[in-house]
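Both of the next two complexes hold chain A, though its partner changes from chain B to chain C.
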Partner chain A sequence: MSTTTETEIPLRQRVAENPQPALIWAAVGAVLVGVELGAILQVVGAVAGVVVNLLPGDPGASAVQSLQAAFDAIPTLVSRDVIPNQGYWNGTSYQNTFLGLSPAVAWAIRVVFVYAYAFAVLAWAWNGYNRFRRHYRRVDWTPRDDVVNRFRNHSWGKFGLIIVITFVVMAVFAPALGPTTMERNILQPYDYEVSYWSEDTQSVETVLVGEANIGSGSQGAGDENVAPLTYDDFGRFHPFGTATNGKDLFTQVVFGARISLTIAVVAMGIAGLIGLGLAMITAYYKGLADLATVLVSDSIQALPVIMVLILMLVIFQNTWVRELYDGAVLIILIFSIVYWPFIWRSIRGPALQVSEEDWIDAAKSFGQTPTQVMRKHMAPYVFSYMLIYASLSLGGIIISVAGLSYLGLGITAPTPEWGRLIANGQQYVASPSWHISLLPGLLITLVVTGLNAFGDGIRDAIDPQADTGDEAAATGGGA
Partner chain B sequence: MSTEQARSARTEGEPLLSVENLRTSFYTDKEVIRAVDGISFDIFRGETVGIVGESGSGKSVTARSIMRLVEKPGRIENGRIMYDGEDLLDKSAKQMRSIRGGSIAMVFQDPLTSLNPVYTVGNQIKEALRLHRGLSGSAATKEAIELLEAVGIPDAHRRVREYPHQFSGGMRQRAVIAMALACDPELLICDEPTTALDVTIQAQILELLEELQEERDLGIMFITHDMGVIAEIADRVNVMYAGEIVESAPVVELFESPKHPYTQGLLNSIPGQGLDEDEQLATIEGDVPTPNEDPTYCRFAPRCPKAFTECDTIHPEPVEVGDGTGRHRASCLLYPDDLPTEEAVAVHREGGQRGGDTR
Partner chain C sequence: MSRWQYFLRRVLMSIPVVIFGTTITFALIRLGPLDPVSAILGTQYNPQAAEQIRTNLGLNQPLWSQYLDFMYDLFTFQLGQSWVIAPGTTAYELIEIYAPRTIWLGFWSVVIALFVGIPLGFYAGLNPNTPSDYAASFGGIVWRAMPNFWLAIMLVTALSQLGSWTNGLFTWQTWIVRTNVVTPPALGFFQSPVEQFLADPGGWIESFVRATKQIAPAALVLGSASMGNEMRIGRTAVLETINSNYVETARAKGVTGRSLVWKHIFRNALIPLVPIITGEAFLLLGGSVFVETVFAINGLGWLFFNAAINGDLPLIGTLMFIFILILVGTNILQDFLYTIIDPRVGYDG
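And now, the complex of A and B:
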């Protein structure tokens, strides 16, 4: 291949010239997507449903509904239907479980499958990046390579990454991970029945889930306790035991992961966007814009975060905003407003620094527009700082949300939340039902530690010179 | 027709850029610093105008004022910058953006920092091409390669996708020049483009600029503090001191018969002029003063070996000091030297009363 053609050919053509690595990668990708196609389409259907709902007159609502039904029918690899665990013992064997295995084993297999699939997808993506780097990238080195390499040598960061991935997979695959479903066990327990083997009558009997829950709560006493990794009286397996009201703790934990992650990521995303945008504007224009932002952000920062949160949540009690996603939307909004000054402040310095670089002047001198200068020549430098700060602050938000829920102010029932679970089991910490508080508490600790470790790793990878053990950020706004 | 004649023919016509009585001040808490104070000069097509002076004499601020890139707390307070018959100071921000790069381009002092290290050189040239000529994709890449070839970068096909750090200093300055030329400007402002380079590379860059000027009929405004470089490249030279142009002359004339004591001092302080063993190289004592008040005196007077009493009370105006064609002017109370000193001083005193702000 001559150097002349090498420079000018676009990526598509470079792939066409050496299609094998790309094809193999695409084929593996197709398999990975194919086995989960149903789930992806279900998400699309759900989104379409929401969109239709928002449109005036609900155009094509029936079409969307039939589409959703069709999508639901597509079998997916990692789903409850393929590896069912909600069966019962009929005296001789397990019915309706995966390969006739016990519910516990069937559930464990499904969890392993979910994580295996998730890590396979990640490995595939990583492999794709490596293939691109080896076979198709125009240049043999970019600054990003160094960042990636530094992160790969950062064990603490990698530990964090694994925790974070585990947590994210937990949130994403929550419906498939729980031994039972939200709908069945938590939201509408009196609409479903459960079959079980009754020792008394030596036969299979059925009971409403709600009634079964009442009979299997963990309330401290020896016979009123369903410990982790045990079955309750109705033959249902509880990996984390049950809560005080008999609902499955693990199901609540995985869905709690969902809401914690959603709040933390969305709030940090919004705060980050506001912070980054303002940092660009203040660094580019300086002067009055800067002064005004300093004033506003100082005012916001002067308020104690947890006080503002409690105050706002109380003020908005019983309003429609409070109802959205059981309070999550309101919490996200409050966090975005409270957190952007922290982000803006931490990146203002780097933004000002980069705005003084000669290449900014050079870009101006060939007539580049202010927005493009900010976006192309300033934002990339500041973005990594923001990423570091945001990843270090995520843990703080998760702790804050849990703290609010613990106080009964954050996420309201029925959406499960880790902080509420802790509050729920607080009385029983010193009893056989210790698991209700302890397990969610341990998870919070682990996840926040993981996020901080991951943030440390990113920081060291992006900016090896920065050696500020920013502990304040780690606990920022923590309850 | 020799090039010399061609140049003089050109200078007869309409100037490409005409700076009139420009004043740019910086408002600090303590004082108002007139970094550029009432300077005027013209640049013609195909001509290189040198601006020379010590650090802090306002050379770079002049360049930035022309580009309208003076940053706060700086402000252009007075004067006109006529380009193509229109005053650049009246342009909107948007019009100014299309002029920057499109008609007037700038090359910065330090090629190490004037390229963004995270984009390839080609990418940055293409950015300018996309902006002013609407080129993108492979057309832009092709044009970028041609530009790199035009500035003498070998193997441009490969280098277009390399990062600035993979270029040597001289190569980088060539790339910066290629970027400046991307949109076919008529005027190139070079702000000490060779200062950060070593001498052999300097010579190459100067040669390159001369070639490009021949090819494209560029007007070049060349800022430097290096008299040697000025002698090499400039057709006309403006000597700046404390925000003012103290002498303006064709390059040969300036070097052969410098009139202003400051210019004389500058030329005397160039090393290697065949001094005897025990003779010391002449220097100009002191520093450039900060021009923070109205010019009611000669700003060079405190350092001037020829200063006399009136120098402290009368501001010198530019007067003709050459062969009568008006091409050699100096601002010094010693001139015009065919008049006795009192009369010469009177000329300056009257001249100072005429000028007023236009803005």
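And now, the complex of A and C:
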């Protein structure tokens, strides 16, 4: 770094001079990571598998598979195996459940455990930042401290943050949170069996999961309904009840959270990169580059977003892109294309402003290349404005994806999606099976409220005078 | 630059936007992986019919000539016809049938949102940090976060069940005039309103009330997002103006409360609301697809959605062009309103 002065001591040396706070923090971190090492490696294995699948000829597929098997075998703390809830009643006691508790209680303990672990990790990370600030940072104060402090005093933003964290944890720990697994209950129900206590024969019987699902669907009528927080006829506990086809609703909801979050974050990330890159170029070169981008972005913005999404999903319906991740990849691409003009618009002003600053002239006259000037001296200034806009738009994307799936155009089966669950239960809202439509809708409302609150908090923290919050962005184009 | 010069410039600047937007639509329809002809024929594909349609649509010509034809036809308002959902019907006839319902829906959703959202927002702004302010603000935020299609489903259920929930004391279907919950509005009374009204005033008013009641739940849902936005902006705007120097001055020179609120606060607080109200055009067009699907209103959104899923690509191109015109027109209107309401807005932009 060109800013290095003679008096500056590298971070490594600063830690070596006063190792205790860092060591304690690292030790706690090692424990937290260690108990979940298996899960982390499993994610690495899964990503490797996807990469290998995409490469032509699948090089090293078998090696990756054996690696995945090895990773799967590593026990982890926050997993179904440690606190199992899929047991059965044998007439006198529960078998195969955690401490012989009922499946409902075992499941609840696991959920509490997952969230406790997640919040412990977050507390550890926050503690690390504070330790760095107190013991190792060279300066007493940076502008970022003010941002953090402003957010800490923003109770509406903190409310949003908590909801966002809850949602993200739901998405990340989806396999551990469900009372059953995707594989067993939703994807391959006829490959697995479930044991249950039969009142008729007064004995433990087994049945295929698929057949049990048929017997426990929620279709309105009194005996054809598995309400939230109840057991079905096969001794399986359903925190959110079952869907019309008898599959567990909560499992579908947590995996639906995963896909919603993935689409929203990745699409916003790509749109943000395009928007930021173009903002740099247009602010640096101005003139024709700016005019051309104005024209293109105005034209894209003049298109009705939802209509374009519907049209593009129809046009690409039979292509291979549509098949990737049940349509998620295509949706991400479409959202990136449709959303970058909005991001570019929201940061064009700040980018033009910063390009007029003296330090840009100075950098130029020092002979720095345009890319260097853009990356080092302009982008950091504009980035926070982009963050504000992106955080306010995430909720809109989640609503849009749910809406498209509701229309049958978005995410297709078997990947669960909240909008499709709502469509699934639409005709039963007035019946005892009201939970199928109502609960996913309430969750969307809650998550979007939380995301908007979080976005408000970020905006007020980064720049209390900011005027970048486009109100229409948070509403998903009317979905 | 005078007001009219500014307006003219604004109109001229929107022409390339319309051309470019239409070009994007053309690229999607003609260059996308979906072949228009096989989309039109669907399962009844046979080479002869395919060749026939290909000639009719001009798909045998080189791409640049197809593009010029496409653009020329649209910009001279030769809007073509439907090929799948209503074969042979011209786009004009279809729009004439479907658009009134959407306009009726859009009109009421703007009106309901305005007359609920703005007063609530101003009320919250005039009584800041009171329990009623918090209730109104929080309610507005949650109301805005609800997905329209879900809200529509819930409202349909609630209205249908009102009778059984209140033991028959109040049923939506029989309230004032008899209607169904899920139904397209009957807009026949608009055909020649003056003569019909003179011939049978009571009957005309009844059909007006019926059509309004039929559209009200859908309009409430479609306006929900805008209502929340208007409330938020209204509240902030009032809070900002209330603390400004000129309101202080007015109060000091003895302007009475009512006159202060209406003349000094209300008018200035309206300014930031203009883009929200005109921006509703986007929400209304997009939302109409969902709301019309749930409420079984066969309007433009419904027409577009059905044209899309049935592969009626020529009709989609036409509809898209019309939507672009509507949205660009609204943007021009917004800038124009700005210049009227707020004389400080510069004409140089």
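Operating definition for what follows: the second predicted complex is superposed on the first by the 460 of 479 C-alpha atoms of A that agree within 3 Å, B and C clash if a C-alpha of one lies under 4 Å from a C-alpha of the other, contacts with A are read in each partner's own complex, and residues count from 1 in each chain.
Everything that follows uses one rule, which is that a residue touches a chain if its C-beta (ideal position, glycine included) is under 8 Å from a C-beta of that chain, and two chains touch if they have at least 3 such contacts.
Being a predicted model, the structure only gives us computed values, none of them experimental.
After alignment on the shared chain A, the placement of chain B and chain C results in a side-by-side fit free of clashes.
In the superposition on chain A, no contact is made by A:Gly45 with either chain B or chain C. Once the two complexes are laid over each other on the shared chain, residue contacts for A:Pro143 go to chain B alone; chain C is not touched. Residue contacts after overlaying the shared chain place A:Thr369 against chain B, while chain C stays out of touching range.
Of the two partner chains, chain B is the only one touched by A:Pro380; chain C is not. Here chain B and chain C are compared by how many residues of chain A each touches, and C touches more.
Applying the stated contact rule after C-alpha superposition, one finds that A:Gly178 touches neither chain B nor chain C. In the superposition on chain A, A:Ser437 makes contact with chain C only, not with chain B.
The superposition of the two structures on chain A yields an angle of 80 degrees at the Cα centre of chain A, opening toward chain B and chain C, reported in steps of 10. In the superposition on chain A, A:Gly287 makes contact with chain B only, not with chain C. Superposing the two structures on chain A brings chain B to within 13 Å of chain C, judged by their nearest Cα atoms. Once the two complexes are overlaid on chain A, none of the chain A residues touched by chain B in the first is touched by chain C in the second. By the touch criterion stated above, chain B contacts chain A in their complex at residues 67, 69, 72, 96-102, 105-106, 108-110, 113-120, 127-128, 131-132, 137-138, 141-142, 145, 155, 157-158, 160-163, 176, 179-180, 182-183.
Those residues of chain A that touch chain C in the complex are listed here as 295-296, 298-300, 302-308, 310-312, 314-319, 395, 399, 402-403, 406-409, 419, 422, 426, 429-430, 437-438, 440-441, 444-446, 448-449, 452-453, 471-472, 474-479. By the touch criterion stated above, chain A contacts chain B in their complex at residues 3-4, 6-8, 10, 138-139, 141-143, 286-287, 357-359, 361-369, 376-377, 380-381. Within the complex formed with chain A, the residues of chain C that make contact are 16-18, 20-21, 23-25, 28-29, 32-34, 141-142, 144-151, 153-154, 156-157, 160-161, 222, 225, 228-229, 232-233, 276, 279, 282-290, 293, 304-305, 308-309, 311, 316, 319-320, 323-324, 327-328, 331.
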